[in-house]
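There are two complexes below, and they share subunit A, which is joined by subunit B in the first and by subunit C in the second.
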Partner chain A sequence: MLSLWLNVLASGILLGLVYGLVALGLTIIFGVMRVVNFAHGEMVVFGVYIGYWTVRLWNVPIIVAAVIAAVVMFAFGYLLEALIVKRFVNRPHHYQFIVFIGLSLLFSGTLLVAFGPDPRPTASQLSFQTVSLGLLTLDLARVQAAATAGLLIALLGAYLKFSPFGRSLRAAADNRLGGLIIGLNIPRVYAVTFGIGAACAGVAGALISPLFDAQPYLAVDFTLLAFVTVIVGGLGSFGGALLGGLVIGVAEAIAALMFTPSMKTALPYALLIIILVYRPRGFFGAKEI
Partner chain B sequence: MLSGALLTIDGLCVAYDGSCALNGVSLQIHKGELICVVGANGAGKTSLIRSISGIVRSSSGIIKMNGVDITGMPPWEICERGIAQVAEGRQIFGSLSVEENLLLGGALKRAKAGQSETLEFVYQLFEKLCERRGQLAGTLSGGEQQMLAIGRAIMSKPEVVMFDEPSIGLSPALTDVMFRVVKSLHEQGATVLLVEQNVAKSLALANRGYVLENGSIVLHGSSDELLKNSEVQRAYLGL
Partner chain C sequence: MQKKFDRGLERARWLAGITVFAVLGLVGLLANPYVISLMTIVLLFTFLGQSWNLMLGIGGQLSIGHALFVGLGAYSVGVLYVKYGISPWVGLLTGMILAGSVGASIAWLSFRFEVRGIYFALLTIAAAEFARIMFSGWEFVGAMQGLFFPAPTGGIEISMLRGDVRFYYFVALALAALGVIGTEFISRSYLGYVWRAMRDDESAARALGVRTFQHKILVISLSAATAAAGGGVLALVQGSIFPDSIMGMGLSVDVLLGPVVGGLGTTFGPLVGSLAAIPLNHLMSALGDSLRIPGLNNITYGVVLISVVWFLPDGIWPAIVRLCKAIQAPPTAWLWQSRKVEE
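Showing the complex of A and B:
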């Protein structure tokens, strides 16, 4: 029994790290640009398909698939911002809402046309391998995904904290007018920020591609999941996104064990409601929506 | 006199949603000058500074820096040409450290070379900032934040520094310190455009002054002339 609980907790934490990465992408975009990317889940699913196809076609390790997803999705996010999102950054929220919902429908539709509605089981050998550690027996895919996500979160955190660009990004998030005053190229900062956010989603998608069947409809779940995670942690907070991811990962795992697997997705929302009642701004939330 | 100007503004108009904030403003600043623009609340002082720096679009008029037309350029290109500002409300980055704020001020291409010397210079000018270099800027006192905003502007190695009411919200003693800092920067060779409501103090510092009312320049002249002008005495000096 103990070992069952430990295993469930551990696998919840592992998946939670990946959720944290998804949420981080959403929260960085929101923190800097004050726009909510309702197409975030689609970006995760793009990553899932990138993971699926790179593994299937070239049989690359999942880490390589993640790097490819990072590069592709960064470019995608950058261009999307520079071509479309940029025009709506200073518009009222309901304009932005419509644009992003439109984009999300466009992306889902594109995925459906390209790959069809049927789930594609992963081609990765990883899905069946496990590693044992004392009482713990864990999916190798999960461990790899979590380790890569953890590493990338740490690298991203260090980049934002210590690099000159990271400093500019934090400055733009703190005070956009202040940024204009010192001559920050705000449009470029925004495009790169959106690229980073999309890359986080894409990498997370690639990392979980051995765990989830690739399917266009996953997108809605991931958008909602990213939302819950970010709100639990506090919108715009880096640490909050990470903590939110872990909480949701563990909550899902426990719900599947204690109730039925179909309760898995419901519990995080219950948790969300409880947290919003007691901590309306999430654990670390400081920013106004 | 016109040809030698560092910054020339000619017939500048700014409107927000149709309502006019600047209405054909013209002024010149020569290299090494300290000029002031004085005016009451809502006269258009901030609009003037923001339109020079490209943050607010002008609807007509021409702004030239070193003879180059910079009208309509984005703010980062205008900063790159050596126009810095100490903005209304300071606009520092409160969640970043003091040193990060300063380094961001020095992130322009024009300021990259010798950045550490400039930082040293700022720390010598404002010892408080040096003591608190690692502290979050948002935790500084109002006066210290104003020093930080000035330090951040200096970091960009500007040719012209525009000050938007630097003394606002400061105690009388700190206001004097503030004006002394502006004065000493000017004496060290900076060209300064000082925008103020504190007419007596800024005219005492400036070579020349402009009086802005409802978006138009209604008077300009040397500081002595303006201080002696009966209109100025009545409306701004309470004499």
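Showing the complex of A and C:
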């Protein structure tokens, strides 16, 4: 019994790190641009497909697929921001919502046309390998995904904290006008931010591709999951996204063990409502929204 | 402001409204059943759009989870009618009370610590999704298999709100007309002025002695209750209720599409927007099905949504009005009243 619980907890934490990476993408975009990316789930699904195709075509390790996903999705996010999103950054939220709903329909429609509606199982050898560690027996895919996600989160955190560009990004998040006054190239900062956010989603998608079947309809679930995660953690907060991811991952794992499968999807929302009763802005919510 | 007291303008607005609804009434009498059933949906979403607009356009609170209230209304009517044979009128009332209280509790939960803006919007989605998942797992209300109304017998029964396609068209038309009149009435009433003041500058409104906390809860529960009424009728029109379609995110999007695409804060915006968006969606789904390309409708719909917000920033209706002005057609100019929402 103890080992079962430990295993469930551990796999929840591992998946939670990946959720944290997804949420991080959303929260970085929001923190800097004050834009909520309602097409975030589609970007995760792009990552899942990138993982699916690279592993299937070239039979490379999932880490390589993650790197490819990072590069492709960064370029995608950068271009998307520079071509479309930047026109709507200063518009009210409901207009942005319509634009992003339009984008998400466009993306999911493209995926449907390109790959069809049927799920594609990404079962590689990786999907069935396990590692044993004392009482714990864990999927190798999960461990790899979590380790990569954790590493990336740490690297990204360090980059934002110490690099000159990271500093200008945080400055833009803090005070856009101030950033403009001291000569920050705000359009470039925004485009790169959106690229980083998309890359986070894409990498997370590629990392979980051995665990989820590639399917266009996954996107809505990922979008909502990312929302719940960032609200639990606090919109616009780096640590909050990570903590939120872990909380949601563990909650889902425990709910799947204790209740029926449908409860597994409902629990994060219930948790969200409970957290909002006690901490309305999430664990590390931004002061001004 | 001075325009508000212009008698001629006032009469012209009344005339315009009556003309529009007379034309819509003629459509109901003359058109074929397919057009009528499509237009019924359009009119219902006009009403839902007006209810949503009450929350954002007048109350200043963005909801992207309106499906929650629509679904509560639909399920109240459905459960009471299908399970117990109670008249949908009672169901509508129950749904409105239920949705109103749920809306009030969400508002209370979120505003007591000054959570607003996009945070509140995300909270509405979360609440709607939570409700959708709970309803999909709840056997009593049919779970995923849905809830089915008995097939209509053909006769029109006002007391049970049952009738043929044409009957429901006129029910929807009446609702849409009620929506227009209600919006006008509210925006001219004391509450309308208080709410708009609150929307434009909450701190200033509070400094003048407006209890913004209570007023925000009031406007949200009113919007929720009207959305539930629309949802109840929608369920009757569709004849079945499924949690994914009546409480899903897609419905929330459809609700706000009308007013945003048509023109936010305008009287006819929700009608024009629904009139443009819903038939287009139906057409594209049909086209995608017949060409056997499953994602085609999503792509077209997505591109149209982005283009509307891109090229017609304040919606279709204001653009039509501008066009009419540009080609020197003054009689149409007064149609668009400048009760625009300040951003």
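Remarks
Quick note on the criterion: the second predicted complex is superposed on the first by the 285 of 289 C-alpha atoms of A that agree within 3 Å, B and C clash if a C-alpha of one lies under 4 Å from a C-alpha of the other, contacts with A are read in each partner's own complex, and residues count from 1 in each chain.
Keep this in mind: a contact is a pair of C-beta atoms (placed from the backbone, for glycine too) under 8 Å apart; a residue touches a chain by one contact, two chains touch by 3 or more.
If you're wondering where the values come from, they're calculated on a predicted model, not measured in any experiment.
Look at subunit A after the overlay: subunit B and subunit C fit there side by side.
Partner contacting the larger number of subunit A residues, of subunit B and subunit C: C. Residue contacts after overlaying the shared chain place A:224 against subunit C, while subunit B stays out of touching range.
In the superposed model, A:167 makes contact with subunit B only, not with subunit C. After overlaying the two complexes on the shared chain, residue contacts for A:182 are found with subunit B alone; subunit C is out of touch. When the shared chain is aligned, subunit C comes close enough to touch A:117, but subunit B does not. Minimum C-alpha separation, subunit B to subunit C, in the superposed model: 13 Å. No residue of subunit A lies at the contact with subunit B in one complex and also at the contact with subunit C in the other. Put simply, subunit C touches subunit A in their complex at residues 56, 62, 64, 109-110, 112-113, 115-119, 121-123, 125-127, 129-130, 133-134, 136-137, 249, 253, 256-257, 260-261, 264, 293-306, 308-310, 313, 343.
Interface residues of subunit A, counted against subunit B in their complex, comprise 164, 167-168, 170-171, 174-175, 177-178, 180-186.
The residues of subunit B lying in touch with subunit A in their complex are 53, 55, 74-76, 78-80, 85, 87, 91-96, 100, 103-105, 107-108, 152, 156. Here subunit A touches subunit C in the complex through residues 36, 84, 87-88, 91-95, 97-99, 101-114, 116-117, 216, 220, 224, 227-228, 231, 235, 260, 262-263, 265-266, 269-270, 272-273, 276-277, 280-281, 289, going by the rule given at the top.
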